[in-house]
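The structure under discussion is supplied below as structure tokens; questions concerning it will follow.
Per-chain residue numbering starts at 1, and chain names A, B and C are given in the order in which the chains are listed.
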Amino acid sequence: MAVRITGLGIISAIGLTVAENLFSLENSRSGIAPVKYLDSKNDFLVGEVKCSNAELLGYLNIKSQPVSRTSLLGLAAAREAWGRNRHTPELRTGFISATSVGGMDTTERFYKDYLDQNNPDYAVLRCHDSGNTTERIAAELGITGYINTLSTACSSGANAIMLGARLIEQGKLDRVLVGGTDALTNFTINGFRSLMIYDDQWCRPFDESRTGLNLGEGAAFLLLESDKSARISGNPTICCLSGWANAADAYHQTASSPEGTGATMAIQNAIEVSGLSALDISYVNAHGTGTKNNDLSESTAMINVFGDNIPDFSSTKPFTGHTLAAAGAIEAVFSALAIQKGLIFPNLNFNTPIAETGLVPITELQKDQPVVAVLSNSFGFGGNNSSLVFSVNR
Amino acid sequence: MYINAASTISHQPTFRNAGFSELIEPLDNSSELISPNYKEYIDAGLLRRMSKILRMSVAAAKDCLTQAETAQPGAIIVGTGLGCLQDTEKFLNTFLSIEGLLPPTSFIQSTHNTIAGQISLSIGNHGYNMTHTQNTLSFEHALIDTSLLLGEGKDNIITGAADEFIAFLDEAAEHLNASSKHHLTSGASFFILGKNKTEKSVARVKDVRTAGLIQDIDAAIDSFLLDNFLNISEVDLVLYSDFSEKEKMDSVAHQYFNEHYHADSKLINYTKLSGLYPTNSAFAMHYAVDRIQREPKLKNVLILNGLNKINLGLTLIESLEA
Amino acid sequence: MESLKEDLKKQIIEQLNLEDLQVSDIDDDSLLFSADGVGLDSIDALELIVLMEKFYGIQVTNPEEGKDAFLTINTMADYIEKNRN
């Protein structure tokens, strides 16, 4: 199976556009830094988009308020991915976004005022629900009809991409803009701290010394088109989305199984759907959050699937932070760039392999690589595991 | 797709009560959630942490498996408009008011996919696990995903929707001038959906469609009926929802079916029966199934979800005889 | 020490919503994290760390350290005795 990817858009801690993100990846420039834009008492390390809400409103020329930061980030990326495409009655166009927090960035400010009895602005609650976050973006792009939101924690973005591909495969849509967006919030920072998996240092995925993740924020969208749609739009194909799968770990509410059961199933099934073999995978953009549990479980899953032939792999979360529902979409854009530019991105901050598995990620940028297929993993709470396979357009 | 089991926990006596559609009356403002003894359905170790929405959902999903005599579904697909509000509010309170270490449980259970995740965990299911949250259309999107999955060869899928009421919602609605004539409620409805008709099948979901940011409701209904080769006079029962007097879905449904086309379709506002929550069209689907099983005359039931005026959901339920 | 253990059991039942258990159901040496004992899991372990800070002012910064301390009611009581001032 294969669906064409013809548009990319991204906003993250390492840049406001695809070009800026690529530049940061090529030059090992991380976006992780102490909190600056979020209203927080602490100076935790986070991957913030380097823009205040006021700057985003100006940059995007948005007048109507209230609007959540989650919607603003999503709109920035969705507009870039949509580009100069036009609406036409010939093409049924859909929009699928993923978010885990929705408008929580505005809701938590409201709720603080509410608890303090400090004249809370109830109007902002209109942008709380995740569906509204998505509708705001769709409305700006003029998309009507199939508009949907997925929320499966940290695998959400990958699931939105997968759903879009399935809708095209079964002829329900001709093209669909898919991705995810999440703003940084005190809700999630405090949540991951309460789980004791928030690293006060810079995160170190796949390193023996890893102790947790750094949260980030951002959004990314991809335009998926059927053959017919690409013919009508005339858009060149960047690469193809050829495999996808989701599986449940059914092990624990937050932790991944030590055997990597769900992760192994997701990776295996995604490769099977793509029609490729495990040996065809040139690069794995790992979920690699930097928590003890995820990285061990994911390493085990990679060994389960690839055996002694582990492809080049890295986690790009030391660049962007863990952007939750946006992560799968941001890393899908990175995967597409890896194929388009022949690059393999480095796993920053790696020194010592995990004792149990001994796997060593790529630590320096690799250029001029024949990257023909990329596997991207996204694993979430509730044992929600998704994998996507991207491949060159043949 | 065929409906092989249906289970609802709501403010009405819907749970394990076939024939409820003949008994129930519109809700009044004093109604409360009618909960079964959850211990009969959920392992005590899991139950102790579960909020209302999780209890309702896991119990209804497990009841479906019992009805369909299925040990493992092929996938679990859930729609929820507002997700796990009780735990979300609890964690907001926790981190905004406690200094020092924070208890993590409410954060873990605040994510929308806790519902589908807890169902998979409670039955040990490794299949596709998905959560749709497109406010009032969340359930319809879960149904569309189900039909895709059936097309991909999966079968016996648990699909459902749930939303939970918390007291704060009444307060918020009042301040947003969104108070409705309907009472805000909780509800969970789950189904087992299969590709082929079996001896357990009770009705069929003929088609389901969503229209987000809709411009022309009449045109959307026209094309939906046309695509299903259905004359308007063949729609025996229309289950519709409206938001408030102002939004006029009431008159949209009446105008379209009675005045415009002079069809003698019977119209029922299901929000009066279920109370108001974002995914109450799932309640309507169970109601339709229950009616169809009791009234052989009912062949085609249309669910017209206009709970949010900018979004339209259309679901066509057909009797097995149709 | 005995009253400390009683208090601990009450707090654990309350904080972890162990609705079906009474103080008398938890033996001082039953394994808290074993299915044959009380049957707690890793989320409960985090809740116990919060409990230690909230009620006894003891900070368990490393979840690994908690594993030994939270073996049984006896080990928890010992740990509290040792660490509180």
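We take it that a contact is a pair of C-beta atoms (placed from the backbone, for glycine too) under 8 Å apart; a residue touches a chain by one contact, two chains touch by 3 or more.
Predicted model only: the values in this text are computed from it and were never measured.
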Among all chain pairs, the one with the most C-beta contacts: A-B
Relative to subunit A, chain with the most remote C-alpha centre: C
Geometric centre distance via CA averages, subunit B-subunit A, whole Å: 29
Subunit A and subunit C, separation of their C-alpha mean positions in angstrom: 38
Sequence positions of subunit B contacting 2 or more other chains: 101-104, 108
Of all residues in subunit C, the ones touching two or more other chains: 43, 46, 49-50
Subunit A: positions in contact with at least two other chains: 194-195, 252-254
Sites on subunit B touched by subunit A in the complex: 76, 81-83, 91-97, 101-104, 107-114, 116-118, 120-121, 123-138, 141, 144-145, 148, 151-152, 172, 175-176, 210-215, 278, 310
Subunit C partner contacts - residues on subunit B that touch it in the complex: 44-45, 48-49, 100-105, 108
Of subunit C, residues touching subunit A in the complex: 41-43, 46, 49-50, 63
Interface residues, subunit C side, partner subunit B - complex: 15-20, 39, 43, 46-47, 49-50, 53-54, 59
In the complex, subunit A residues that touch subunit B: 95, 100, 102, 107-108, 111-112, 115, 122-123, 125-126, 129-132, 134-135, 138-139, 143-153, 159, 163, 166-167, 170, 172, 186-187, 190-191, 193-195, 246-254, 261-262, 265, 380-384
